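So, here come the structures, one by one.
Across the two complexes that follow, subunit A remains constant while its partner is subunit B and subsequently subunit C.
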Partner chain A sequence: MTHPTTGTPILEAQGLTRSFGSRRTTTRAVDDVSFSVAPGAILGIVGESGSGKSTTLRCVVGLERADAGRVLFDGVPLVGANRETQRRFRREVQMVFQDPYSSLNPRMTVEMIVGEGLDIHKMAESRQARRARVVEVLELVGLDATVLDRYPRSFSGGQRQRIAIARALAVGPRVLVCDEPVSALDVSVQAQVVNLLLEMQQQLGLAVVFVAHDLALVRHLCHDVMVMQRGVVVENGPCADVFDRPQHEYTKSLLAAIPIPDPDRDRARRAAAAAERRSA
Partner chain B sequence: MTTAAAAHAVPRVRRTRRRVPWLDRIAYGTVVVLLALAVLGPLLTPHDPYSVDLAKALQAPSGEHLLGTDGLGRDVLSRALAGARASILGALMAVAGAALIGILVASIATIGGRWVDDIVMRFCDITLSLPVMVMALGVAVALGPSLRSAVIAMVVAWWPGFARIARAEMRTVITSPYVEAARVLGASRWRLMLRHVLPNSLDGVYVQATLEIGGATLIMAGLSFVGAGAQPPSAEWGAMVETGSRYLTSAWWISVVPGLLITITALAFALSGDSLRNRNHPDATLA
Partner chain C sequence: MKGPDIVSLNVEVPVPAPGEDLTPRPLLEVSGLTVSYPSATGPVEIVSGFDLTVARGERVALVGESGSGKSVTARALLRLDHRASVSGQVRLDGTDLLALDDREMRAQRGRRIGLMLQDPMTTLNPVRSIGSQVMESLRVHGVGKTEARKRAVETLDRLGIPDAERRMRAYPHEFSGGMRQRVCLAMAIVAHPDLLIADEPTTALDVRVQEQVLSLIDSLVTELGMGVVLITHDLGLVAGFADRVAVMYAGRGVECGPVGELYRSPRHPYTSGLLASVPRVDRDGALAPIAGSPAQPTSRPGGCAFHPRCARAEADCTEDRPDPRRIGTADVACHHPLVLAGEGNR
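Let's turn to the complex of A and B:
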């Protein structure tokens, strides 16, 4: 996998911090998190449940207000940016949610769902142009014009996630932010959706921020990886480095938890780990 | 080909419809009849509901006057039919008005931020702490007793209940991922409200409205009964019960006929609302 690190980052987070709770019992869900994504690069964010991965993403796209820190888009800080920059951010940074069963409005047809961004950003001159663009993205994600008038409830989880991806792609984004986009899907369709995302990323040259707790998936997909634990980034860097030479104990334990689909190698690993514990 | 065989093997999906219990069917049927009466009632009167003929006063039900006559010799059946419009449409209008205002206020509370929400909802709580009847009575008398005042009074007394239901639903919907998806796309507050939140949060209000029409009919009649609603010559069920109450021992039909109609209306709407609520259970697929 070539590693596109050149060029100025298209999306950058600096010192993002977000706490929850009352004055007495605050929890720092996200604590001084910084990262940057170059155009066309894929950044994976991993960590156990509650490590602040999702909240970080939500702060980046503005669904959650960060207590401190800032987000830069194309080198420009979003807070205090002019309207045009903010509008461009809203168009060029799109998100795919975890659960495709709740991320599609049950009372809208596929055409309305996928076409909404086109309406918001006034990107279609006529109804025909709008429909043509909707069909175009639907075909891009492996659906076709026959689904236009159907409602989300008549689709399977995998198909729904395709629709959600089509919605995100319709407005022509440059950054795609994915919050565990396959963890709510059947294992049998997870690979299809992951491959679709990868295909879209390569075809459209998207920068992707990919939150997951499946490390094997991140290793397969991402250029860079950032490991989070209790709101703090404990390790980050190119995927190969982090996975092959983990520096932090937490990363090591995460990696050790990846199941190996080969009983002999798995046994060998466990024996090695046990030996290491004994000598320590 | 195996695919063709497989396609044949797939059983055709049949839309399963839950059986509607007989009581619910009766309630729905009655509601339909009552609504028809509200529209057509005044056209079906066998006699002029307002023509006074003292010579025929207090006649028991007979061939000519099927449900007898009242103290001024007016035909009770005709008055009951003519009164359907005021009583039922009055209640409908009151509930519709209250639901509409409730939805509007709830929308403002939902998009207005924490402060607006707090102020609006505390105001609702205060209004809700007063019994609807007392509140409506006060407003109706203050406005000057008339059918219109009664309707306005009921809207004033009733909207906070709808606002509370609508707001609770809207707050859940506005945090749902599809609303967040629209926010990420850059949707304005207006679009979020109109396209996403409102269409997905009004089921509860519809059910509540149907449930409340029954109660509204009762309050409506009650207001007229105590003289704060429809005024004497006009045919309205509550007012008819009141006029007849003086003759209850000698000419029971004057009060009992409209009284029964009020009871039937209240029951039919309440049962229909109940049935709708049960069918609207989250598990049920929305058509």
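Let's turn to the complex of A and C:
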């Protein structure tokens, strides 16, 4: 895979830090996290549950206030940027949330949900144009016009996740910030979405920040990978390097624990792991 | 109407009639489960004549593409959706669940059946502490507060929630996605149910936590004989966990058999396509998803619903719906299954 890291990063995070809790017990959910993505690059973020991946993304898109650090868009710091830059940021950087259930408004139809961004950014000339665009992105994620008038509750988990992806794609973003965008998808739809992201990356130079726990997938999709543990980045670099020569203990153990879709091999591996746990 | 005493449901022991088959009755027996939902254009059948059995101490995985009806099936077993019309038979230890009223059904939940739904945020109450929610299924079955608290902390701890004791006081929004998912699982298993139905319990978890979660479920299976229906699209996970696998397509069971044989020699073209599309860390190259997209409930093809996507389809596939039949160790619903050399295809 060619590695598009040349040029100005389109999105950059510098020293992001965010703590939660009362004065007595504070936890640093995100601790001095920095990364950058160039146009056409795909950055994977992996790390154990609770390591601060979602909080990092929420700080990047401005849904969570960072205690320290800053975010640059096209080389310009967002804090203090003019209205035009902020407006462009809101349109060109789209987020797909981890939980496809609570991130879709239950009182809105699919057409309203997916088309909302088109209205906010005044991107549709007419109702027909709006609908056409909504249908177009729904089809990209394997849904179609028959779902336009339905409400989120009548969809399966994977279908909801695809509606959320379609919503993010509708406004034609340059950066997609996705939090586990395909974890609820079965293998075949997952492949479809992954191939779609790759296509958009190659043809349109879409940059993607991609939180995932599925390392096989990260390896397929990402150029760079960043490993987090307890709020801190413990390892990062080109995917191939990190996967073939993991330096950090946590990364090594993650790679060792990946299930293999072969009952005999996987059982043997799990039995060995269980024996090790018992003797530890 | 006054329902039967809850306790009597728990101790009901089937007495075999003379000459009756003495093989133990399965824990869960689902037959001909059919579920439909109202829609603007009339009722839509989502699940059609689905069969499944789970023995005590057995781990059954229910797999299939997005929208195949897995979650609808899970919710129908406990009749959680009042909008759904459900028919067929669902027997838990002989008790017909579909015949119970709401109050009797609630009595089954928690103790007899632990259900973990796919979406944590609709299960969790945002304004109640994590601790009180995990303790609840013990408390409603009469377990004292101290004991319930102890067991809740222990369960969360074994599911890998760091600092579980202190975290009992936290609220759902203070937990990460993967932590919330484990809280929902804790709610389902804390009362040690006879049957656990878990809908995508590990989608948000990395492989290490996933192993920890599965090994806790495993220990309830081996120590207490809990039966498990694990709903997932993660075939890698199924390989290491399940005893048996049921594959669903367009609301029907298409193949069901022991995990080893099913992975080694899938009989149904759909099963074989699913297995071929798994990304593997030990392999490179493009992913090979099954061509086409899953049949929508409103426009299911006649005959075998899979035929527009199936490379083995012949004329009969578009007309006759294949019924499940036994091939080797599996029940397969296909006119032209993949067979091993020398096995023949009748």
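One rule holds in what follows: the second predicted complex is superposed on the first by the 238 of 280 C-alpha atoms of A that agree within 3 Å, B and C clash if a C-alpha of one lies under 4 Å from a C-alpha of the other, contacts with A are read in each partner's own complex, and residues count from 1 in each chain.
Here is the rule we use: a residue touches a chain if its C-beta (ideal position, glycine included) is under 8 Å from a C-beta of that chain, and two chains touch if they have at least 3 such contacts.
Since we're looking at a predicted model, the values are computed, not measured.
By the touch criterion defined above, A:I120 lies against subunit B but remains apart from subunit C after alignment on the C-alpha atoms of chain A. Of the two partner chains, subunit B is the only one that A:R167 touches; subunit C does not reach it.
Touch criterion met: A:E180 reaches subunit C, while subunit B stays clear of it. By the touch criterion defined above, A:S102 lies against subunit B and subunit C together after alignment on the C-alpha atoms of chain A. Look at A:K252: by the touch rule set out above, it reaches neither subunit B nor subunit C. When the two structures are aligned on the shared chain, A:V61 is found in touch with subunit B, with no touch to subunit C. Within subunit A, the residues touching subunit B in one complex and subunit C in the other are 98-99, 102. Contacts from subunit A toward subunit C in the complex involve residues 20, 25, 46-50, 54, 98-99, 101-102, 142, 146, 149, 154, 156-159, 162, 179-180, 183-192, 194-195, 213-217, 219-220, 253-255, 257-264, 266-267, 269-270, 273-274, 277. Against subunit A, in their complex, subunit B makes its touches with residues 176-178, 180-188, 191, 195-196, 199-200, 285-286. By the touch criterion given at the top, residues 61-63, 87, 90-91, 93-95, 97-99, 102-108, 116-117, 120-121, 153, 164, 167, 171 of subunit A touch subunit B in their complex.
Those residues of subunit C lying in contact with subunit A across their complex are 37, 40, 64-67, 70-72, 118-122, 160, 162, 166, 174-179, 182, 200, 203-211, 215, 233-237, 239-240, 259-260, 263-264, 273-275, 277-282, 286-290, 293, 296, 298-299.
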